[in-house]
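In the two assemblies presented below, chain A is common to both, partnered first by chain B and then by chain C.
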Partner chain A sequence: MAKSGIIGAPALQLGATKAVRAGEKSVPTLLLAPTMIIMTIVGLYPLLHSLYISLTNYNPTFGTSYAFIGFANYARAFGDGQFWYSVGLTLAFTAISVALSLTLAVFLALLFNQNRLGFVVLRTFLLIPMLITPIAVGITWRTMMMPDLGVLNYLLSLIGVGHLSWASSPSSALASVVLVDVWQWTPFMFIIIFAGLRSLPKSPFEAAAIDGAGHLATFMNVTLPMLKPVIVIATLLRIVDAFRTYDTVYIITRGGPDFATDLLSVYLQRVNFRIFDLGYGSALSWIALVIVLVVVLVFVNLTGFLKLVADKENR
Partner chain B sequence: MAINIDTVYKQFGALKVVNGVSVDIKDGEFFVMLGPSGCGKTTTLRMVAGLELPTAGRISIDGADMTYAEPRHRDIAMAFQDYGLYPNMTVFKNIEFPLKIRKLDVRERARKVEDTAEKLGLGELLQRKPSQLSGGQRQRVSLARALVRNPKVFLMDEPLSNLDAKLRAVMRTEIKKLVTNLGITTIYVTHDQIEAMAMADRIAVMSKGNMVQVASPLEVYDRPKTRFVAEFIGSPPMNLFPAQIKAGGTVTCILPNFAHSLCEEERAFAAQIVDGKGGLLLGIRPEHLVVAKAGAQGATDALVELVEPLGQTTNIYVSVGDVRFVIVTDRTTAKAGDTIGVVAPSDLLRVVANDDAVVRH
Partner chain C sequence: MSNSRILKSSASALAAYALAIAAALFFAFPIFWMVTSSFKSEVDISAYPPVWSFTPTLVNYAQLFTELNAWQALINSALIVGLATCIAMAAGTMAAYALARFDVKGKEFLAFEILSIRMLPPIVSVIPMFIIARQLGIFDTPWLLIAAYALSGLPFVVWVMRVFIQDIPQSIEEAAMIDGCSRFETFWRVTLPLLLPGLAATMVIVFMFAWNEFLLASMLTSQEAKTLPVIAANAIKPKAIAWGLASAAGVMMSLPVVVLVLLMQRYLVRGLTLGAVKG
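Coming up: the complex of A and B.
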């Protein structure tokens, strides 16, 4: 007779006592406990600690003693022009990069949805940028974009396009890092949207064909609305991700030239780990977190994301 | 508009789904394709719609070759078995969509949508999304979206399969009325013989990718050409008895009295059936058998095995030796264990070909 279940919980049996039934309830708690403990140590504690630090003038280069200074760091942040410049730059970077990669990803997903010969292989190649370490991506692109030695300018010269300065000029540096970001992360959006496209039911498309809709009308009225939940999720993930872009940009430009690519993450790294002004840096990080939350909330509200989720659950 | 289907084949890989179907559907005709699952009826319909392309053959609508034309260039409307609704649009927008694509005036669109929705009992549901509807309601929306237009051809793929029995009967009448008033050629696919009998001008009974018999409902019922048709149509189905045709045209049957009552016309038909061994079947509908006294002149004595009183009619299951069949009659006093006489009236007894037989015309 089996006295216990496979996970050690008492098996249901006739005549089980109240204590046994109560014991079953503690199993989920027990199973969740290790995760909860680890998350508290490596997640919640540092987060709250940084909130505390942000209220101090802690800077390890001045020794280990520090004072509690209240909201002075936050007040200082509001007058920090360089910080708000970085915030603006990051918002612009995110908006342009996400919009471009979304458009490209939808276009690619539609293209690859046709079952042409060789598309399966090509599809795999398309995913490569996403799989490369960001550091390697940064180094590769930095080399390719060198104005005099880089392969990009060489290739452009073959088709008669003149010398571009890429990441080395303030006017084109942001565009250059956007290009790299789009190159690296379009595959991510593509794979999500492509999977979404593949999972759509066939019959509405057949109905649209019968109803007389052409390609564009079908896309606008049938494909796009049905894909919306997937597009919204992919975009949301990309927004959060683009907002904290650091490694590739740092490798390619280190925030320069002349602060042209001084994204929030690059600025935060400088304050926290070059100047070690940890109190102030923590405050800036918390403000950045709030900004991201606001951006996400605005996006969620604009797209009716929660309603989409609710609709799905009702089905 | 007339539809011409000319020796159309469809293969999916090695699987042959439609095997050389040919039929001419007349302008304004209500044509029903009837058959069990997998008989190729839906595939044939989808080829007329342009959703599948034939492996071989030719399909023309109103005289124009449409074999490979895109669905949207065929001017057809279709109701789908799995609805094919646009999940993001309300019922109203779903029904309106084909009119919107055709750039009809907004007020005209609204009038037509409301009109059609009213006829199909969807008036209250216009602002709902498909996800908020039951299967039967979705199916009616799919039907409404087809009926809202004035196409050359209506194609309906089991459009009533998800409705409950009562609503199905109502909708059957409603569709037939609507379509007849519009005078638009309709191809209707179903596996429900009652639906087929009730609605069709002509029925094509399909089996294994072939149209086995194409005829009016009563002709299909009264004179099924093959065993498949005889057994598929009617509930309970036609009683079939193994028979033989000898050289010289003599027909013998496992129940000799039945062979004797066979009329001249049927004997002539028997002579046209060639299946190598001269095998054929004698068939009679259960309700055409007449119960007589045991031992009566010309009657075959049969043992009653089971009596099913259904109210309106009664099913009597009987056996003669190893041969079992069923009689449908009014109320009866016969009970299990009784012996009764059974008479097959000669004008209602049919010769039915085996499925593999070739019929000489």
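Coming up: the complex of A and C.
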């Protein structure tokens, strides 16, 4: 496993103590101080402030005075059907989008690992979507997906596929934004998995070939287990980002039509910045934060992520 | 080789090329469409069936500056993202050095605490930031976004630079210190030059995420401090959508990131995975 994609921290334990010289006791504290100050002031303090606001009925459109109302906002949240609908929609969106990107990325990584002439050039095209500003991605796909004037329906009509309504009908809107998300973020998973595939040792594949294993058997029993750490990391980062999707959906559908794409971030934006119900909005944000944490923890436990990290440190 | 084997291998080569070209087309077509749309006139862009050959015009790009006030947004974006990136790089690299080279109490816990910023959905911190900014009178100024982007860049810098620093053998530093260099001189003259490629690559990633950020930028600015993604989103109004203008804005704001990242491709994977996967 020494050559696998995951890199360790071998120098960490050995060298650290002996490098500390006389009079250097406060150096690490000083070095860590700027990061800690930024984290406390810009990260932690706003979070705690948000927790406090969530216990009030603060709404700037009603003036500056507000009252402490305990957990009333949280109680209200549990009866808020639209909120839980958004949570469910966001979880579904995340699951579908990440699963599709992952499958496509693994497939593409295997394909481009063949090293044929010209594949390096073609591979560059697979990198660019994740670099495009999400707002620009939204604008472009919205143009292409226009039902009457869009180029996608035109291209489909050439091959005899009829008129699709894309993001403008409730039944296909979610699929459309999933498609955009898959288009933009499959490249992210692809380059990570591709890099992992490239750094795998050769000998297990040779052994499998000698044993006469077929392509599928080699993939299931050799490639996939060795790639697991890389896949787990790519998937975890992608889950976290898919859960907070906002920009493209804001541009393409703004949560519509008929709430078909009303993801959590879009719903929260509406509560906070249309009706300025900031106390309630803060409570909802905190619930969202807890849901993200639960999702991440479940994923980490299911995949043995921490064990992977620990193995990496011990090697 | 027998005939059937040659046939079989050329068939699989054909299939591989067909799939690879199809994939490249799928991922490249929307970018092609955005770029060409940005050079189309009002008539060409609303033509159906879509036109493939047309006389390119720069009218959309000119309108960016006359109608959307793109200069102001460009300056704002450059200033905000530039400063935030510098702050994150400086603070983060210092912390990374401490974590890589010193015995710090509760080091792993600290590192995971920094990593947890990466997990935090921005929608959670946007309300308190909005309220605090209004109270401090820094709403709609660049400072608020600079602070927010510096924070969100930190986990990348700390985790990636930590790995890059660990990759440099400690013995090199020790040799310099035995020769009489102070710890700072050693870092400045020995470690930093070796770290430069890693620093540049990390910087590009931090820059990319801040440059493309929209949610915080749209909610924490109203007039003065608008960034490029915010004015681009403003080109989309419910009634009349200026597609050419919006595409031009998209091209203009995506171009710096695409160029920078393609130049720094070598360390991209390491940066994106916060140092966990070697590219």
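As a working rule, the second predicted complex is superposed on the first by the 288 of 315 C-alpha atoms of A that agree within 3 Å, B and C clash if a C-alpha of one lies under 4 Å from a C-alpha of the other, contacts with A are read in each partner's own complex, and residues count from 1 in each chain.
Here, a residue touches a chain if its C-beta (ideal position, glycine included) is under 8 Å from a C-beta of that chain, and two chains touch if they have at least 3 such contacts.
Being a predicted model, the structure only gives us computed values, none of them experimental.
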Subject >> Partners on chain A (chain B, chain C) - clash or fit >> reply: fit
Subject >> Residue contacts with chain A in the superposition, chain B compared against chain C >> reply: C
**OP:** Considering only the touch criterion stated at the top, classify A:His163 as touching first (chain B), second (chain C), both, or neither.
**Re:** neither
**OP:** May I ask you to decide whether A:Leu108 touches chain B, chain C, both, or neither, giving the answer as first, second, both or neither?
**Re:** second
**OP:** Return first, second, both or neither, reflecting whether A:Phe188 touches chain B, chain C, both chains, or no partner chain.
**Re:** second
Subject >> Touched partner set for A:His215, first chain B, second chain C, both or neither >> reply: neither
Original post:
Should A:Glu206 be classified as contacting the first partner (chain B), the second (chain C), both, or neither?
Top reply: first
Original post:
After the superposition, what is the least C-alpha distance between chain B and chain C in whole angstrom?
Top reply: 7
**OP:** Residue by residue on chain A, keep only those touching chain B in one complex and chain C in the other, then list them.
**Re:** none
Subject >> chain B - residues contacting chain A, complex >> reply: 49-51, 70-72, 76-78, 80, 82-89, 97-98, 101-102, 129, 131-132, 142, 145
Subject >> Residues of chain A defined as touching chain C within the complex >> reply: 5-7, 9-12, 15-17, 19-21, 24, 27-29, 31-32, 34-36, 38-39, 41-43, 45-47, 49-50, 53, 58, 60, 108, 111-112, 114, 116, 118-119, 122, 124-129, 131-137, 139-144, 148-149, 151, 154, 183, 186-188, 191-192, 195-196, 199, 230, 233-234, 237, 240, 243-244, 246-247, 250-251, 264-265, 268-269, 272-273, 278, 281-282, 285-286, 288-289, 292-293, 296, 312
Original post:
Touching chain A in the complex: which residues of chain C?
Top reply: 13, 16-17, 19-21, 23-24, 26-28, 30-31, 33-34, 37, 46, 48-50, 87, 90-92, 94-95, 97-104, 110, 113-114, 117-132, 134, 147-148, 150-151, 154, 158, 162-163, 166, 169-170, 173-174, 177, 183, 208, 211-212, 214-215, 219, 228-229, 232-233, 235-236, 243, 246-247, 249-251, 253-254, 257-258, 261-262, 265, 268-269, 272-273, 275-279
Original post:
So in the complex, which bits of chain A are touching chain B?
Top reply: 203-204, 206-214, 217, 221-222, 225-226, 228, 311, 314-315
